[in-house]
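Each of the next two complexes has chain A plus one more chain, namely chain B in the first and chain C in the second.
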Partner chain A sequence: MSDIILTQEQIKRYARQLIMPEIGGKGQVKLLKSKAIVVGAGGLGSAAIQYLAGAGVGKIGIVDGDSVDITNLQRQTIHAGNLGMNKAESAAKFVKTLNPDVEVEVYPENVNVNNVRDIIREYDVVVDCTDNFPSRFLLNDACVMEKIPLVHSAVLRFIGEIMTIVPDSACYRCVFPEAPPPGSVPSCQEAGIAGVATGIFGVMQATEAIKLILGLEILENKMLYADLLTMEFDLIDIRKDRNCPVCSGKVKDLQEESYVETCRIE
Partner chain B sequence: MKIVYPIILAAVTRKKEEEVEFSGDVEALINFLCEKYKGLKKVLYNKEGFNKFINIYVNNEDIRNLNGFETEVKANDTVKFIPAIAGG
Partner chain C sequence: MLRHAELNDSNDRIEVLDLRDENCPFTFIKTKLKLEEMKKGEELKVIFSDEVTARDVAKSLTSEGHEVLEVLEIHGAQLKGIDGWMLRVRCGR
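What follows is the complex of A and B.
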């Protein structure tokens, strides 16, 4: 672990966290040697990426096939000044300006059954900042199969949920075995999203990823569910479903038909 | 007992939460609420049964880890319905 020696500039850059017992020099080296991939550079992703980069996560992968639209800027502040640019490229530009220590890998595409396992394989942690059920189930299943930790979060209006899935813990499918049929739960486009909700939960995702890299306590087998209107935060125990088709090991490969409609795996 | 409704149920109940006087199991509670709010059943059930994208928590414990739909609920309990959401 100690083959990286912090430079004088890095000692200054990370001074506020180097003095913390939870991070220190050893933790900083761990962060600089770690690789995190953020899938989706929208509301959650914009917030998560900023703090992963600030903390000095050594390599950050950014996956997004969309381009920046004016309706995004109410919450996706990382993309300021980049209208029309691919979101992964735009986010990478921010990271490079903020912290030259961070290597950024841009994937200007969306994840699918054919590319997801190859994309995530080299990373230590995957941060799910996508905005649709098929991508969320796909990332869960791919991470379980590849044994890569996944930090999940999803938001709607003032509501949000977050949980961290690690090998052998309960997975997303243990909590929600199926997605709602299209049209039964409104999307952010239909029901709205408070910009602050994506900010808060995206930063919490970065917190989870950083703690995971440092070996600190994470939301394993726990889901934090919060209503930011009432500021009620519930920490819910979640349990592994022995019949879960994915984390029980029954299903070993991703199949195209598992990521349509309700994302059910028979 | 306190019942907390998520956005998709609040669209029917027109409230985010309420206090109800009820004792019995979760299944009976759902029937009671479906009687009270026309249209609730359509959101909670599909033709195969209770929707698998909606979880029910009694005092923050998933009923699947308790007694399922036969979990008894009483006066001071909080029952929350939490559906899967996907926004990001």
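What follows is the complex of A and C.
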């Protein structure tokens, strides 16, 4: 039996999800006792954080070292009215206003080889909302080493991808052993990004994190790839690479040199 | 035709939940939350203000895998001075 009893206010707040057999009271208690950390409070993070908070995830960590710029607001809607503020602080402000049940921990910094494992260690799930390859590889490797589930997503223009990595599943490096050579993939500034794409994929990341907490089916050993211009959604089966340096257990520590340029680990 | 439950049995250890002041969807949600605390096979009686509510909740409970035993009208003399519609359900999960 659960040791949290929902208050009358919580029964009202979560009524629409308490009704569903997949959630109910037991699921809601699981959510309230869970801890998720969102790395990057940009376009993806903006969407993911709002729905994690709405669902009543008990603790949300928010990691971002940047501050809100006017060019962000086309997609990073969580930062309304907060120009110049640190993004993690700004997103935390939204969460506290939306749902006082949620405890927020702010990390006004970017993840790196030295801090990432300590930052993610206390959480049940990590949501990768970063915008660059070194951070994605770093989060993948740190999560595999710490045995913490990770929800990865990345978007550009109208396209995006999402996959969930759990201990023993295929990891991000199994699919992409290395980053494309610098300059071969246009950045968000060069190629552009549809605000809706970050919204859709960020909300899908929150969906995956919530399902993971509830013990429901997730995108494990699967990647969803979608082109929002044609509205073609492809669910791709992916396989664990037995020779993957990280999830095979060969590499046990994060090394600075593994997160530059191609991020390849030999 | 209405049947009348025997609610005055002093050995009756079945829990009674009075939800006559609740509206949809809380009539269902509060019944469901109570059942989540119970063990499979245990029985619960829930009192609603009207027949439509009792039957709606019964339908939702059935779809969640609980066994609705009966839905019937009750009068004050039968249960702690309560008038209303009673649903008797066996916890199915």
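In this section, the second predicted complex is superposed on the first by the 265 of 266 C-alpha atoms of A that agree within 3 Å, B and C clash if a C-alpha of one lies under 4 Å from a C-alpha of the other, contacts with A are read in each partner's own complex, and residues count from 1 in each chain.
The criterion applied here is as follows: contacts are C-beta pairs under 8 Å (C-beta built on N, C-alpha and C of every residue); 3 or more make two chains touch, one makes a residue touch a chain.
Since the model is a prediction, treat every value here as computed from it, not as a measurement.
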item: Touched partner set for A:24, first chain B, second chain C, both or neither; value: second
item: Which superposed partner A:176 touches (first chain B, second chain C, both, neither); value: first
item: Touched partner set for A:61, first chain B, second chain C, both or neither; value: neither
item: First (chain B), second (chain C), both or neither touched by A:6; value: second
item: Chain B or chain C, by number of chain A residues touched; value: B
item: First, second, both or neither for A:15, with chain B first and chain C second; value: second
item: First (chain B), second (chain C), both or neither touched by A:199; value: neither
item: Touching both chain B and chain C, residues of chain A; value: none
item: Footprint of chain C on chain A - complex, ascending; value: 1, 6, 11-12, 15-16, 18-19, 21, 24-26
item: Chain A contact footprint on chain B (complex, rising order); value: 6-8, 43, 46, 51-53, 55, 57, 60-62, 64-65, 80, 82-88
item: Chain B partner contacts - residues on chain A that touch it in the complex; value: 40, 42-45, 128-133, 136, 153-157, 159, 161, 175-181, 184-188, 191, 193, 198, 225, 234-239, 241, 262
item: Complex interface listing, chain C residues touching chain A; value: 25-26, 28-30, 32-33, 36-37, 64
